[in-house]
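Below: one structure in structure tokens.
A, B and C are the chain letters, set down in written order, and residue numbers restart from 1 in every chain.
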Amino acid sequence: MSFSSSPANSTNANLIQPTASSAVSLSHVSKIFGRFAALRDLSTEFAAGKLYAILGDNGAGKTTLLRAMVGLAPPTRGSITVLGTPDLRAATAEIGYIAHPSLLYEDMSGMENLRYFAALYGIRDDRPCQHAIHAVGLDPALTRRVGQYSQGMRQRLSLARALVHDPKILFLDEPFSNVDVVSAREMVHVLAHMRDLGKTVFIVTHQAALLQGVADEFVCMAAGQISARTRDLPVAQERGAPPASTRV
Amino acid sequence: MSLAEITRVSLAKDLRLEWRSKDAINSMLFFALLVVVIFSFSFDPTAEESRHIAGGLIWVAFLFAAVVALNQTWARELRNQVLDAYRVSPAPANALFISKAVGNFIFVAVLETLMAPLFMVFYNLRSIGPAYELVVVAILATWALVANGTFFAAMSIRTRSREVMLPLILFPISIPALLAMVSATTAILTGEGSARFWVVLLAVYDVVFTTVCLLLFETVLHAE
Amino acid sequence: MRRLFVILALLTFGLLTFALYEGVVAAPTEQTMGEVQRIFYYHVPSAVTAFTLFLINFVVSIIYLARRSPRADALAVSTAEVGVVFCTVVLVTGPLWARPVWGIWWTWDARLTSTLLLWLIYVSYLILRRYSTSGQTPVIAAVLAVFGFLDVPFVYLANRLFRTQHPQPVYFGGPGSGADPRMTFALLMNMAAFFAFAALVCGCAFAWSAPGRTLKKLRPWKLCCCRM
């Protein structure tokens, strides 16, 4: 695997140049589907080593933003720089991603899934898989197929899949949805630990309360733009984030 | 990891998944059997005539069955959007294409091995030309169907009525290959005419289109 | 830009009218086939226009894949659509001509089969565009266009081979042999008229796709009214 860093794709003076310690920076990013603009001229920077909670109503553009940063939905306009390179394909080895669907094969066991995805990142060894599956609190000896897992177990395995190659940045899209309270709290614990290890973590969620005291910053989105960035959850809620939900 | 290793890992995964669920093989086998039976009712040839039309019937049946397999093997990647996990990884796109194409080739080859005797029985076929030539034709023809088929199935993922879209876009482009495989098979079965040019045409078709598939698959995989 | 459109539209209209006159009235009646032969003045130019448009589509699709320019995509769609229209004309006029003259509606010779295949391939291209839910429909369509056009030589080869192995009904090579110069003139006029028409429609699509505009379905009457 070679990570060739291609030159920045524009020398436009309006381009926001990323600072050295930024994990992700966006410069005038717009994402347009047909006539609908999911992201509108978004320009911002996210520093490395922090845990960001991305909040907002449905349709605010949270998932689109995440997918754009991961490289699944290239922006219609503007550019995104991840870990210093605008070529998102080069940064893929350092990115871990959880989406709303589980991104797992139902007919394989947990470890089989992990071994396969680890192989995609060039990992031949079993140990990172064992390590990742322990980290999320699952039993590596479990031979049950993922199709028979509970939702909590499935989300944990998803997280293990995102962690197995020890990425520098984690992008999680609604990791706590339909998950029992215990699993959710444990996942938050794991994610905080990841942040403490120096990783950058982005979490899109409707359950902001789970991240209170853990998130370094709450990023509120509305109508395709970032409406507020604050360290304080109550302020974030005032500024339009959905109310803290006790339903998990 | 190199392209070859990731291809091997992906192929192993596909074979393992297919072994456990048997989605593609079961539906493909049953569908091919149905097509053979329906053809038997539609065309009721005497032993002499059967050699002339068997080539066409066999390949049409295999073509339809292959489409079933192609749809199923990609459907597996779309459940839970697992394909996105591949797309965000650094694994090369061509590894996925080759592993899927080879996997599909294996499934369709298994189908052909099982169905060919059945055809011989239903149509009282006995080949006049040597059987090994039929095998060569089968290999080239199956690859022609499966390589383009795998690629087009990946394209049709992003359409409405995905499973109908695949035959719609695959069949027109496969027609020259289809003509070649049917003509070659008929030439060998009946012993009339030479299959050589058809085999060469198939081989060139395979080379050209496999190259184009390998060049363009990354574009198609990463299109949203 | 609008003046150019008006000029081209008038030119097209003029050419089409003149070509119609030439083809149906002025050109001499063919000796053996009679009046039916006049379909030739529509059949051949349509075939040439269709094939040229599909060739342009192929080139433009490759340009699109390399540069991702929306104008290339607009041109790709329009050439495919107009090409399919002309190809349909070929496939309809062919049998209409063949039946009274040679007694058969259809034959699987290289040219006819290639035309039918081209039609199938580009119709499937249009269907793919219509049914695609992807945000990157143009990319996928461009890829299909590349495959489709690369297939054409194989179709031709396969069919020629087929033809040598299966003797076709014999018919003479068309009235090009020893043709009256007035017939050639009528043919060329029609070709010019069809090319002008194709250029008009595709040119509009291309112009409308200039940055800042969204390409909607072409509505010819609107083109005359709104500002360019």
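The criterion applied here is as follows: a contact is a pair of C-beta atoms (placed from the backbone, for glycine too) under 8 Å apart; a residue touches a chain by one contact, two chains touch by 3 or more.
This one's a predicted model, so the numbers in the text were calculated from it and none came from an experiment.
Traced through touching neighbours, the fewest hops from chain A to chain B number 1.
Just count the C-beta contacts per chain pair and the biggest one is B-C.
Of all chains shown, the one whose average CA position lies nearest the global CA mean is B. Chain A and chain B have Cα centroids lying 38 Å from one another. Centre-to-centre spacing of chain B and chain C amounts to 32 Å, using the average Cα coordinate of each chain.
Averaging Cα coordinates per chain places chain A and chain C 50 Å apart. Multi-chain contact residues of chain B (touching two or more other chains): 224.
Counting only residues that touch two or more partner chains, chain C has 135. Listed for chain A are residues 73, each touching two or more other chains.
Across the complex, chain C is touched by residues 148, 155-156, 158-161, 165, 168-169, 171-173, 175-177, 179-180, 183, 193, 197-198, 201, 204-205, 208-209, 212, 216, 219-220, 223-224 of chain B.
Taken together, the chain C residues at the contact with chain B in this complex read 65, 117, 120-121, 124-125, 127-128, 131-137, 139-140, 143-144, 146-148, 150-151, 154-155, 157-159, 161-162, 165.
Put simply, chain B touches chain A in their complex at residues 1, 5-6, 9-10, 13, 16-17, 20-21, 76, 79-82, 84-91, 224. Chain A contributes residues 1, 3, 70-74, 89, 92-93, 95, 97, 99, 101-108, 112, 116-117, 119-122, 124, 145, 161 to its touches with chain B in the complex.
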